[in-house]
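Below is a structure I'd like to ask you about.
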């Protein structure tokens, strides 16, 4: 009996090994489809309060814009939707997944809204059509005017669910616009909507940057006849001068922890990069060279700063180690490389290069390898800034005709999209952190 | 590759010599005396400054107040802007000549305070241009001081590419916009 | 407590021959040497037997002994069906010389996005009976294309009305949609760089025009797999075992190794569920050990 048992065991093992040995090995080294087919029927009225198709339409438009920018999806043509598109179906058991599967959808957004006394409630679900599972569900309540924000917030949630990292769509863009005739500071949504004027200096306002911690901006203004660094609280509007050294106080950039600001000062008759505290006191001088040193940009770890210097003749990007003050050169190609922006993921540094009077945006690794050109064609593309998740770049485009606008694209240069309104004369965008 | 490094070296050497010769510290050198004939002999010791002084100060009568007022007016009206080459803050010969004349006006009117504004053309990055504009303003200031203008009269500010005088996007406009201009403060 | 054990140990030792300990030690060492040598650089491991990567035209028949040829070649047309008989032997001989040269086309990130329904439906994509379902009469087709041309709103209204009237109408439309999607998937098919190439596999030694089951399944599952490069982080890799019956039905599957990247693993689950039923039968029940990764999607520096 014992022997029999042992034999059986051995035979089973052999069988198991044998069967694995016979399994045909296959390697699939890329998906057949490089986008996720997504169906996004309109929000359905949940029956409470009034039916407001405009709310559903606006929600749809905002969410769709965000999702298209993400590059993750291939949207199923709404014209082919079948009967399930008109049903609310917030529970998986209420949904006829087969209908969606026929259309080729693999993911499905279902949602309903209700409006009563100025308040809007939106229920949203993201389903996996194939496995018929709920991937994420949210219920948002807000004022009617918040519908865009709700859509952006849910877009962030969808990206979290499908990539493991939240999207940046509910953040803000600060930028400079000359639409009043003066360069002033403005704020807008990531899709260019809801723009709001933040300063009225009637002077020259330049180079905004967001605090990563607080809802606060810094920028340079000539309001007091010197390019001084200002701080402004976004919601209270409170404003103060942070650095008013003689000469330039420009290009202020908050450190990743928000405790220090890298800035270009020229108090000693030459532009150098300094670290100052959030109270304006100088903590450390980072460069010491008779050439021009400007445009600091922090590494996400906060231990290095990329900057622009013409110490080797032409403006090029260099990196200084904050602790050792060791300077190394990053860019060698081209003759005019400026406005570095270190990706929050740390892997790349974006910058703009001028060739024949036209700027284009490039990325390069910290070690100077893998340089890639992201933008092409006419019009100068400058001032790249990363989204807080490193997925997207925002930048300004200066068409030779004088039209200045702000654009956004994916980190690999695809999906470029103008977000400024026509003839708005916008430039110098900066992306907020996740508030 | 080696070719380009050689050309680069040559260019750098050339630039160095230019810098050395054009360095604003000793304006003595080859000021093609706009006002004065004996420029060549002056090269050794006598600063051009002295000669000019006599020219401007000789003219008016000795009514001090009237003289000062006239000089102030002259300075306010007569200070001319200078221009720069692309991505450069070294003074061109033409610029130096203009500054010599400006220096004369300023020395005659020591009570006039002047703001030297450094400007750039629209090409290039804004921040870099702000620094470049400042370098231009400072080069201008240093040269004027070397010509005997009191430091206390001179202030500098850089506007980078923010305030073009010609908003067009062509070579002529850019040449006009790369400048150091003088604003008289009372 | 310890003493009895010690005693036993001593007893045991006394039983052994004097040189036994040494022998044992050497034996153990020798045995250890085998894995050590195996993992040493002396034995270069064929880590994963990487099969050649090429695209397969899924209309090609699965055969047991595929001939030399190209798996992505178009299926032999009626005309060609007659021909193979007179020239079955001369063909394979000159071709293999030509064929091995072009590197098998890797599944490049194709920008082709198969929209389930293009705005302008192609009039009658090749009547290929992928699904064995008989084609519905040509009559309903114009109805669908008309509806598509209408605006969304109109269509929705139309649909509502139609639904209330007939449930069967709906079913028929679904069928058409399915057929269209399938037909479109078909039209996205890979085309061979060499025209008139014989259908087969690159290393085929058999004599049947068709593709191997492995090549077919590889292509089939790959086509079911949707994953965006913007979802990826790092180099996720996963291994799945899939057991198919001879009828081409997935009997069961098992993740041998998950990638740890949730989005990646979920996309594989979707691909597997979509591959529940192959479009063709297999020569026999088969097991596949599939390695999923993104080597050919993520760009290298």
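In order of appearance the chains are A, B and C, and numbering begins at 1 in each one.
Here is the rule we go by: a contact is a pair of C-beta atoms (placed from the backbone, for glycine too) under 8 Å apart; a residue touches a chain by one contact, two chains touch by 3 or more.
Predicted model only: the values in this text are computed from it and were never measured.
The interface with the greater number of C-beta contacts, when A-B is set against A-C, is A-C. Here A is the chain whose Cα centre lies closest to the centre of all protein Cα atoms. Between chain B and chain C, the centres computed from C-alpha atoms are 74 Å apart.
Per-chain CA centroids place chain A at a distance of 45 Å from chain B.
Separating the centre of chain A from that of chain C, both taken as means of CA atoms, is a distance of 36 Å.
Against chain B, in their complex, chain A makes its touches with residues 183, 204, 206-207, 222, 225-227, 247-248, 250-251, 264, 266, 269-271, 292-295, 308, 310, 313-315, 336, 338-339, 352, 354, 357, 382, 400, 402, 428. Listed in rising order, the residues of chain B touching chain A in the complex are 8, 12, 15, 87, 123-128, 130-132, 134-135, 138, 156-159, 162-163, 167, 169.
Against chain A, the residues of chain C that register as touching in their complex are 48-51, 53, 106-110, 113-117, 119, 148, 152, 155-156, 159-160, 163, 170, 173-174, 177-178, 181, 213-214, 217-218, 221-231, 233, 241, 261-263, 266-267, 269-271, 273-274, 286-297, 299, 301. Partner chain C is touched in their complex by these residues of chain A: 19-20, 22-37, 70-74, 76-83, 85-86, 98-99, 102-106, 128, 130-131, 162-165, 365, 369-370, 391, 410, 412.
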